[in-house]
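To keep things simple, chains are lettered A, B, C and D as they appear, and every chain counts its residues starting from 1.
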Amino acid sequence: MSSSWKNRLSLFGESHGPGIGVVLNGLPPGFFVDWAEVSSEMRRRAPDRSKLSTERVETDSVEILSGLFQGRTTGSPLCALIRNLDTRSDDYAEIRDKPRPGHSDYPAFVRGGGFNDYRGGGHFSGRLTAPLVFAGALVRQILRERGVSIGAHIQRIRGVTDNSFATADLSPQLFAALSAEFLPVLNKAIRPALERVILEARAAGDSVGGVVECAILGLAPGLGAPFFDSVESALASLFFAVPAVKGVSFGLGFALAERLGSESNDAYYFDENGRVRTRTNNCGGLLGGLTTGMPLVCSVAVKPTASIARPQETVDLRQGTAAVLAVRGRHDPCIVPRVVPVLESVAALAIWDLMEGGGG
Amino acid sequence: MSSSWKNRLSLFGESHGPGIGVVLNGLPPGFFVDWAEVSSEMRRRAPDRSKLSTERVETDSVEILSGLFQGRTTGSPLCALIRNLDTRSDDYAEIRDKPRPGHSDYPAFVRGGGFNDYRGGGHFSGRLTAPLVFAGALVRQILRERGVSIGAHIQRIRGVTDNSFATADLSPQLFAALSAEFLPVLNKAIRPALERVILEARAAGDSVGGVVECAILGLAPGLGAPFFDSVESALASLFFAVPAVKGVSFGLGFALAERLGSESNDAYYFDENGRVRTRTNNCGGLLGGLTTGMPLVCSVAVKPTASIARPQETVDLRQGTAAVLAVRGRHDPCIVPRVVPVLESVAALAIWDLMEGGGG
Amino acid sequence: MSSSWKNRLSLFGESHGPGIGVVLNGLPPGFFVDWAEVSSEMRRRAPDRSKLSTERVETDSVEILSGLFQGRTTGSPLCALIRNLDTRSDDYAEIRDKPRPGHSDYPAFVRGGGFNDYRGGGHFSGRLTAPLVFAGALVRQILRERGVSIGAHIQRIRGVTDNSFATADLSPQLFAALSAEFLPVLNKAIRPALERVILEARAAGDSVGGVVECAILGLAPGLGAPFFDSVESALASLFFAVPAVKGVSFGLGFALAERLGSESNDAYYFDENGRVRTRTNNCGGLLGGLTTGMPLVCSVAVKPTASIARPQETVDLRQGTAAVLAVRGRHDPCIVPRVVPVLESVAALAIWDLMEGGGG
Amino acid sequence: MSSSWKNRLSLFGESHGPGIGVVLNGLPPGFFVDWAEVSSEMRRRAPDRSKLSTERVETDSVEILSGLFQGRTTGSPLCALIRNLDTRSDDYAEIRDKPRPGHSDYPAFVRGGGFNDYRGGGHFSGRLTAPLVFAGALVRQILRERGVSIGAHIQRIRGVTDNSFATADLSPQLFAALSAEFLPVLNKAIRPALERVILEARAAGDSVGGVVECAILGLAPGLGAPFFDSVESALASLFFAVPAVKGVSFGLGFALAERLGSESNDAYYFDENGRVRTRTNNCGGLLGGLTTGMPLVCSVAVKPTASIARPQETVDLRQGTAAVLAVRGRHDPCIVPRVVPVLESVAALAIWDLMEGGGG
């Protein structure tokens, strides 16, 4: 009962089953989808073949099974299917009994009574974010027609910190430029340092996490609702639906805990067009669960990839003994760049739902 | 559509209207409520008369309108009503036109088309957390019968930092001891420093925020669901429903962004009773949206009270001019202590919903 | 999970507890409520003092606890409370152990594990329809501003049959005229016969049921959704939420089972204003779960009042023996006239929800 | 907001698009599905090649895309896909502009802004009931393990009336025997008459509807909830989700309107095993929105197939003129036999949801 998100978007599939996909409900009829752009968004999430990412090939070709007629949405549920192709199941034989630390393997085993598809994480796999990006890419086009744009950059990876959106000149153009980069940052000078910490982690058979900052432009003031249907609740609920996310904050977030009220409140003024604006945006464009009309800014903490080559202590669930596991196969030393479009996508879904009357 | 929480718990009321309250659906029949304990929880949230809090008197006497018969729950909706008594509406005359920076006044005005009850924040008032604590106090008694207990402490206020739950010996007894304190901390030695920063803020007509750490014990592994109905989504959605919350994280949260995977993954072992446990709990008892069976640990960032006595820049919405506002009335220099039981309460509500099949 | 109606409208209270009421979510802000009309609607449901109804006095004075400010809705949840006054609990002492045939007493006892409030049916009481009529009366005013009007008449009581809406000239004026009558019928000539069958039932310590026909005007074509969110599903779901309702049909309903397709299909034509209309309206203004733009017409079967004075066979749940029960107290020989405004009210709620995007 | 059924079951597809299907959420893990039985149920709904049905070939081979591993459910969403094969789109070219009377064509055109897939009714097609039967067949196996069985028979087609479940000896065996027949009836002597009225309709280029009676055995008393989550609301909501359904009633339904209370109330007694039973079952096993423990019995009215060969008056939406339409292609003279397994299936889904805590 906690969430009715499945009402709008039904996600299905296992990493090594026949396929993964999504059913999207409530799309407007007659929308002409820019499929090249959808593909482009999906490539952002797909594994890169550079040394910074996994070498797995995920050619995520999407088949639209319904909801599309003569190139336009019909207003009926749109189902998109991605077949699973490159699936080396034997890589995962060991983890059936020895849950990988930091992964869902153990609690998924308990929840599924041992009947869960353990191969590659099954339904819990990060691969399920592909249909999320598909859905988000589509919905972002709808939002763009309403003047809403969404962007994100890597705020921090292991001590290497980018500038903040707070001091940037936010625009759809900036967002487009960021989304063209594998390592989207505001301060391009830090890119070599970012690459270095990622490659160091890879060389050590290890991994790194990071923080992503996300912004949404074009939201009118007053969107949202107090309490259960706050904009923060809607966004956070979907951000935490993304595997590996461990923290979400709005505006200055946890840093506000160090400030005085007089340093935190955003002073109001009328701009040249008579619109109410705030001098600062410490609250991230949100007050009382509602948008203020200023850019919505939030941060999302992503933990390091759990799959690492270094040997780790675990248990053998079948034999009831201690065990050691070195995760084989090809894994990302840093999933943060691939998580960026996923976060943008779920943000788009959350905002779309709010604009469609999701709140109350 | 984003949340169906109102399905379980319908919150109503305005700060200066006839009353505030809540309708709770889905309570089990025959539950014998410990009303003294409910009152005690509500007193934790009520304004203290000490110098650390507001001097407002909120005698929140609750009237049960339904769902109770011969001292026990009937299994039908329980409606609880708290009448508004001490309401000096004239304190708020000025804010009708001049929205308070950091408050919901301006976006609530836009959302309500100017018809919102602006007095004291109306429905957006922090006062609405009283029925939340009522509901949480009741539900916590139900959870306790199922072996689940919830506790919290102040992790940090303006540079004064408490120990972490990570190094504490968590138990229902510890939680009970913490909840008996106005400033619940693990390291009692910091209490004078905490009081000092709060009183300094008050003396300066200012305010401070802080971070609250919350823990939940007794959860079996495998509770929750991947993606939209993750435990993190359920908890974060309700934490962000609490006014002034700007950040939520699980386990090490944002600090995980600085760590290597090998420093983050929690190694598994069998304990003396053959149960699977982890050596560390960096993930806060949650993996893949599911509980691991370890203590669930999370942190919540609370911004400083927006209502401060110091003059602030704002606008006059009626006259369309710049304005200066000094919020009059009695206000908390630090709401963090009063937010602690609210966070515990909504955590209880989220867990209860998950245990009742809220997920999917 | 089956219904999220509690999301919009949270009903609470027991027949003999402190009070009954409702929380309405999602009302638009700034709506100026005509309270005299709301009272008038509630009087239609209230027990009449004529011989045709119960002699109980239900002075349902409603207190608005929230969501109203300076005479207008605020856009926040509106809670309405009706105190229980005339409650002779001793009338119900016997039914604690001896469930009344035809009433919810026995299954409610099982569901509540014996902890349900059995007095007067508790939360299952028909009295809970008072807040439903309150909510419906308010929502009907909102619908009227959008050009939608709702009316109903008694189609049949024990062999006395009224004309059908199919042959009537439907208009808001007709609906207003009908709602002014205790026995709303199209053919006034049948009124004496209707009164006679009701009084005969009363004289015999017995009761009668009946069929109500309901119509909704002003709906644009294309409202609704196929399958789960069909208009029929939405309306039927709420009609069956009304105690004593045992059947719901649309258009010719069960009579269509006797017809040929060529006698059932409604032929299309363009009217003088170029609008698509149908020559007949056998489908009741609904095809494929959507409105056609023709009047929406439906029928609702109401069973006879279960509480009758005649002795009935039952069981003694405490003693485990057979028993005989003659329900004491004051009861309606025919609740159909009082159910009419309840059905109009829930129809209004269903349509309002659909227009607000309830479907998918 | 009206229904959260899509939460459990997401239906997708258009009659002449790539495929149709369903995503089922909330299945228990480890369930071993009897696929032969699922196929058998789907064949009941598939078009027969006899003269009593359409001659279209629908070889509905189902592909399971997710949620199944090593023959058992995983507890993750199960997606089933049925490819569309025999689709003569040219049969439908005419109805793009000339909506078929009695079909969803016109309101679907308005709702979809002209962008709906009009071929064969698109997403509104009766073909979408195939995945519903698939889902129902699977869920019925789960219900059977809990002692619940569901059956149905044709109650009436154009004046030919079967016996009632009220006088039958209900059992899973009877249900199995009924489901083996294309024309499931209790009184086999009426079968020739049934066939005759269907063949007469076919010969005349016309169609007939009918009434289906459905029963559910094995439900414990007290299942359900009063008001919005009543068992009647849950069942009716799904019955009316089935295309062509125009009426739903429980127990004696509309016939109760003719009875006295003393003739309607079901008297209680203790049976030989000390269980509370009723002498009659006029209420159809439901009181106050809850099950009584007696068989749940309901009736569903199905209108005649709208697609008939006889010329019908319609409009040309493109040219804005009157038009005549004779629906070409192969169509059922009577869909009632094929609707029977669909109604059983959605009844299974509704009961499953209620047992899983769907109510409140």
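The rule is short, and it goes like this: contacts are C-beta pairs under 8 Å (C-beta built on N, C-alpha and C of every residue); 3 or more make two chains touch, one makes a residue touch a chain.
Note that the coordinates shown come from a computational prediction; the quantities given were computed from them, not determined experimentally.
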Chain at maximum distance from chain D, centres defined as averaged CA atoms: B
Chain pair with the higher count of C-beta pairs in contact (B-C, C-D): C-D
Inter-chain centre distance, chain B versus chain D - centres from mean C-alpha coordinates, in Å: 46
Centroid distance [mean C-alpha coordinates] between chain D and chain C, Å: 26
Whole-Å gap between the CA centroids of chain B and chain C: 40
Sequence positions of chain D contacting 2 or more other chains: 1, 4, 6-7, 11, 25, 76, 111-112, 123, 226, 356-357, 360
Residues of chain D defined as touching chain B within the complex: 1, 4, 7, 25-26, 76, 226, 356-357, 360
Complex contacts: residues of chain D adjacent to chain A: 4, 6-7, 10-14, 17-21, 23, 25, 29-30, 63-69, 72-79, 81, 111-117, 122-123
Partner chain A, residues of chain B touching it in the complex: 1-9, 11, 99-104, 106-112, 121, 123-124, 128, 156-159, 201, 204, 206-211, 220-224, 226-230, 232-234, 236-241, 243, 245-254, 256-270, 274, 276, 278-279, 283-284, 287-293, 299, 301-308, 310, 312-315, 317, 320-322, 350, 353-354, 356-360
